[in-house]
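You will see two complexes here that share subunit A, one where it goes with subunit B and one where it goes with subunit C.
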Partner chain A sequence: MSEDKKITKEQVKHLAWLARIKITDSEESKYAEEMGEILKYFRKLDEVDTEGVEPTHHVVDVVNVMREDEPEIKPAENILKIVPAKKDRFIKAPRIV
Partner chain B sequence: MSRILELSASELVSKIRTQEITAEEYVNKCYERIKEVEDRIHAFITLTENIALEKAQEIDSRIRRNEKVGTLSGIAVAIKDNICINDVRTTCASKMLENFIPPYDATVIQRLKSQDAILIGKTNMDEFAMGTSTEHSQFGPTHNPHDLDRVPGGSSGGSAASVAALETTISLGSDTGGSVRCPASFCGIVGMKPTYGLISRYGLIAYANSLEQISPIARNVADLALLTECIAGQDNKDSTSIDSGTQNLKNCLVDDVSGVKIGVPEELFGIGTDEVVSKAVWEAISKLEGLGATFSKIKLESLEYALASYYIIAMSEASSNLARYDGLRYGLRLDDENYDWSTAYSRNRDVGFGAEVKRRIMLGTFALSAGYYNEYYLKAQRVRTLIRQELSKAFKDFDLIIGPTMPILPFRLGEKLLDPLEMYMCDVDTVIANLAGIPAISVPCSSSQGLPIGVQMMAPALREDVLIKVAFSLEQHLKPDLELKV
Partner chain C sequence: MVETTELKVKIGLEVHCQLTNLKSKLFCSCSSDYRQSPPNTHVCPVCMGTPGSLPVLNRKAVEDAILIALALNMQISNKTIFYRKNYFYPDMPKNFQISQYDRAGGIPIAKNGSKKLEVEKIVHISRLQIEEDPGKISYEGTIETSKSAFVDYNRAGIALVEIVTEPDINSPKEARIFLQKIRSIMEHLGVSSGELEGSMRCDANISIQGGTRVEVKNISSFKEVERALNFEITRQKNLLRTGHRIGQETRHWDEARRVTISLRVKEEEEDYRYFPEADLVPLSISEEEIERQKNSMPELPEGHMQRLMTQYDISRQNAMTLIDNKALAEFFEESAVNYSHPDLLGNWIVGDLLSYLYEMDIELKDAKLMPRDLVKMLELIDDGTISGKIGKELLKEMLISGKSPDEIINQKEMRRISDSEYLNQLTEEIFSSNPQAVKDAIKDPKAVRFLIGQLMKKTGGKADPQLANNLVNEKLKTSKT
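Right, the complex of A and B next:
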């Protein structure tokens, strides 16, 4: 892990694609610079010896809370009401192919 | 302004029950006040006046008929706009959810309704709860009631400002890295992030699941205890909620701190801490010592790494959580007749999300991406373990850990907006409790040039009782000199 690792415009473009966020060419360099600065701060963690330390995913020791698999019927209209684009009782999706 | 608005929740409940005042009269006063100050404060995104007045009339008539009413009968509660209320617009202060009307109630909302609270409106916040100033709202910023040129803190800025400005009596916010304690501190009121799992997150629009908790805000410790009791408890709709038994916090409202052992980590007074803040917090500690508590200065070296660990984890979880906003089932959807699905989603997300949300999604995507996962995300989670371990070791010797809530005084609107990292640095003392899942409270302890200063106390998991007890004592003995500017 080198200190001078910078974020390139190509990386920003790739990340934006992964995150499905449209960004313009001029935004690419702004993101690269800002993200570089923030990531540099994050690298402060390199100072910490974490050899053999388990990661914390969750602070509460609860596992697999189960319930009976009984469906709860709710009127579909309430949910369909907030769908922005639909046809009859179906959600309209953008073009796939 | 009506004196009714200055009353505490418990005083109001008893006056409403004995019909000394009606719930309707009180709720009307709240809206009069809201209309008087909102053009200067802007604490609310949506007001729910019709629903509120209807509920108030219903409570009044039940009281007249001698029927049983709930523990919050008639009390106005403002709700942060990331907590779902059935059939009421819930925006997260984002264009993405500008027209989102949830078809269900969050569990906390069901509990408030069943205790006859009055939902007065939805409050302003940083978009998707990402921020420390409420300036990242897509609906415009909220102003600090003690200085209109300054921020109220964030992300629950509207929930805190509305309580401080007497527009409502109590409110709910959410706290992922300080989002309730920060605005409570900046607005001169009380805010508590409870133990992770104490309050159901069902219906809280997710930002960073492993860190966040719905959190109460009030003008005094007794009201905070009352509100916490109403909303706490296990919920089968949130599998991370815990069975904590009954939280009997009202019994902790006694002015007695004798024998309480306090640890004061020097890391909470690090570089960047304003001297007036340090001084005020130390005065509060001396006050507690004078009242019979004991304190020791300690070192908790891992705390220096809390901020970086927090932001990596929060951003990673955010990038995953916010992947759901594609505009299909709900939320912003632009005309996509001529676009393929990938471009269509990207355009919805580009227009729907503001700059800070995009920044965090991008950084979180980076931290989780192949080749960087171990270096950032997993590393941050390992550091999180070290912080938890060091804190639980400290809690073997101490009942409480005390330090500042915020390292600085409320800053001016715009002052930190252009430097994201500088804004993040403000959370240095608050993120610790979220990483460890422990409860933490902010209580007003002093002021400087009319600006509030809060002291923060952290306790072991499920020891809200200790926080409430010590906060109550501090409240009896410290009366910060504060004046509303509205």
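Right, the complex of A and C next:
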């Protein structure tokens, strides 16, 4: 991997779209530079020899936390109270095609 | 011009089956019994993704998935991880779906299985994943004209397994057969009931030799699969024939219009930014657990088919059709207990009953038919009360009304007519109004069938056929002299 791999403005634009964030032209250049710096810093991790080391999927060394399949009646009204837009009992969202 | 008839079609399926035997959702204790409920009544902070809430895995979902993996001859992972699939779409309130992944370090619960289709053909299964179902979106009018999306999150977080196949399927018909087998396995395992609306759905990847892969989403029932695939293959072949290229895209099956439509360019796979779900710890599956599930494995379709053949002496073809729909096989067995000719019973169920259900587009559970009523109907045929032909009509009536055969027979006067005096009188009428046919019948014994046919017609098919035959022939003898 080349050390000076740059983040392009196009990549920043794409990321912003994926995150549904509006950014300006000047922000695109600014973030491209900053993200490049951040990635360069993270690249330090590549220097660690991980030969034979199991991937860490979770930082806590615990497995198999499960619950029994028992339904509970829970009032949904509190949740619906914080919903910004409703129609009858439906939650209104932008149409996305 | 491209010759398209010989082009090989490759289909891979992503099959989603809800684990309908679960009483609660995959990661929270909301009831999974949502189908009859008003919108957004089965929701809680976990499945609505409010800050601070934490998912906890449903133990039964894991047990189900192990059973499914075993039934599909898969390798079960000794350690499996949940991943976040990130996307912005209102069907998931969290803006991600908890799923599994086979790349970027992900390990699905099982890999590398296979299912043999009857036609000497194996469909390889690349992976099995546990994941949550998204919510359901509805629109005012059509998807294109609606101002907003209206979301019901009762389904969000319902436990699913996703079965991903290799592109080993070569026709829409094979796809249907494969899905029937999957449904039958799920029902035999008791983990998913295909009778419930929307419980089994699939996406399909289709490519035609030399073409690009097109994904068709939103095939909302197994019944729709053959139709959707046929449409898409014809569309692609037409493009190739007219010299166009097929671009990689995702299309949406529009069930009402029966066409696939192109969707706006969605995120590419890597754009889902899969990463390990830090709110869930890894799942470790021991050999003992797998052994325990193996021991609790119920009868599977193949075993069930063999048993039906030996226990009831029915044909392989009938047994195969019965096990494709577990409810139908159970109906057969419940009826067979009380009937002396299971082979005959099998023919009626696989033949007439199944085609009526298909015609009426209903599941057996929606039909108002009781095993004892079907048996009663067959006994009425056996003892000569009704003819086999009337039996067919009667069965249809029973399916629609749910009434007992006796009740319908009395109401509709379906009983076989064995009153020779009455039939004789009708025969006289037929002879006098068809002089030419009588003359023909005297010359040519084969032509007598027309006269017998007239008598059956006059009685609405209810005349005792043997008696009708005798009466017409006797009358003919006296007409000769």
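Quick note on the criterion: the second predicted complex is superposed on the first by the 93 of 97 C-alpha atoms of A that agree within 3 Å, B and C clash if a C-alpha of one lies under 4 Å from a C-alpha of the other, contacts with A are read in each partner's own complex, and residues count from 1 in each chain.
Note that in this section a residue touches a chain if its C-beta (ideal position, glycine included) is under 8 Å from a C-beta of that chain, and two chains touch if they have at least 3 such contacts.
Small disclaimer: the values here were computed from a predicted structure and weren't measured.
A.B. asks: Please work out whether A:Arg20 is in contact with subunit B alone, subunit C alone, both, or neither, and reply first, second, both or neither.
C.D. replies: In the superposition, A:Arg20 contacts both subunit B and subunit C.
A.B. asks: Residues of subunit A touched: more by subunit B or subunit C?
C.D. replies: Touching more of subunit A: B.
A.B. asks: After superposition on the shared chain, which partner residues are touched by A:Pro55: those of subunit B (first), subunit C (second), both, or neither?
C.D. replies: Touch partners of A:Pro55: subunit B and subunit C.
A.B. asks: Could you say whether A:Lys44 touches subunit B, subunit C, both of them, or neither, answering first, second, both or neither?
C.D. replies: After superposition on chain A, A:Lys44 lies in contact with subunit B alone.
A.B. asks: Applying the touch criterion given at the start, work out whether A:Val12 contacts subunit B, subunit C, both or neither, answering first, second, both or neither.
C.D. replies: first
A.B. asks: Touch test for A:Pro94: subunit B only (first), subunit C only (second), both, or neither?
C.D. replies: both
A.B. asks: In the overlay, answer first, second, both or neither for which of subunit B and subunit C A:Arg67 touches.
C.D. replies: Both: A:Arg67 reaches subunit B and subunit C.
A.B. asks: Figure out whether A:Pro84 sits in contact with subunit B (first) or subunit C (second), or with both, or with neither.
C.D. replies: Only subunit B is touched by A:Pro84; subunit C is not.
A.B. asks: Enumerate the residues of subunit A that count as touching subunit B in its complex and touching subunit C in the other.
C.D. replies: Subunit A residues touching both partners: 18, 20, 55, 57-60, 62, 65, 67, 74, 79, 82, 85, 91, 93-96.
A.B. asks: Per the contact definition, I'd like the list of subunit A residues that touch subunit B in the complex.
C.D. replies: Subunit A reaches subunit B through residues 1, 7, 11-12, 15-23, 31, 34-35, 37-39, 41-42, 44-48, 50, 53-60, 62, 65, 67, 74, 78-79, 81-85, 91, 93-96.
A.B. asks: Mind listing the subunit A positions that touch subunit C in their complex?
C.D. replies: 18, 20, 55, 57-60, 62-74, 76, 79-80, 82, 85, 87-97
A.B. asks: If we count contacts the way the header does, which residues on subunit C are in touch with subunit A in the complex?
C.D. replies: 22-24, 29-33, 38-45, 48, 50, 56-62, 79, 81, 86, 88-90, 105, 137-139, 143-144, 146-153, 263-264, 267, 271, 273, 276, 278, 280-284
A.B. asks: Given the complex with subunit A, which residues does subunit B contribute to the contact?
C.D. replies: 100-103, 196-197, 210, 236, 239-240, 242, 302, 305, 308-309, 311-312, 319, 323, 326-333, 336, 339-347, 349-350, 353, 358-359, 361-363, 365-367, 369, 375-376, 378-386, 388, 420-421, 424, 435-437, 461
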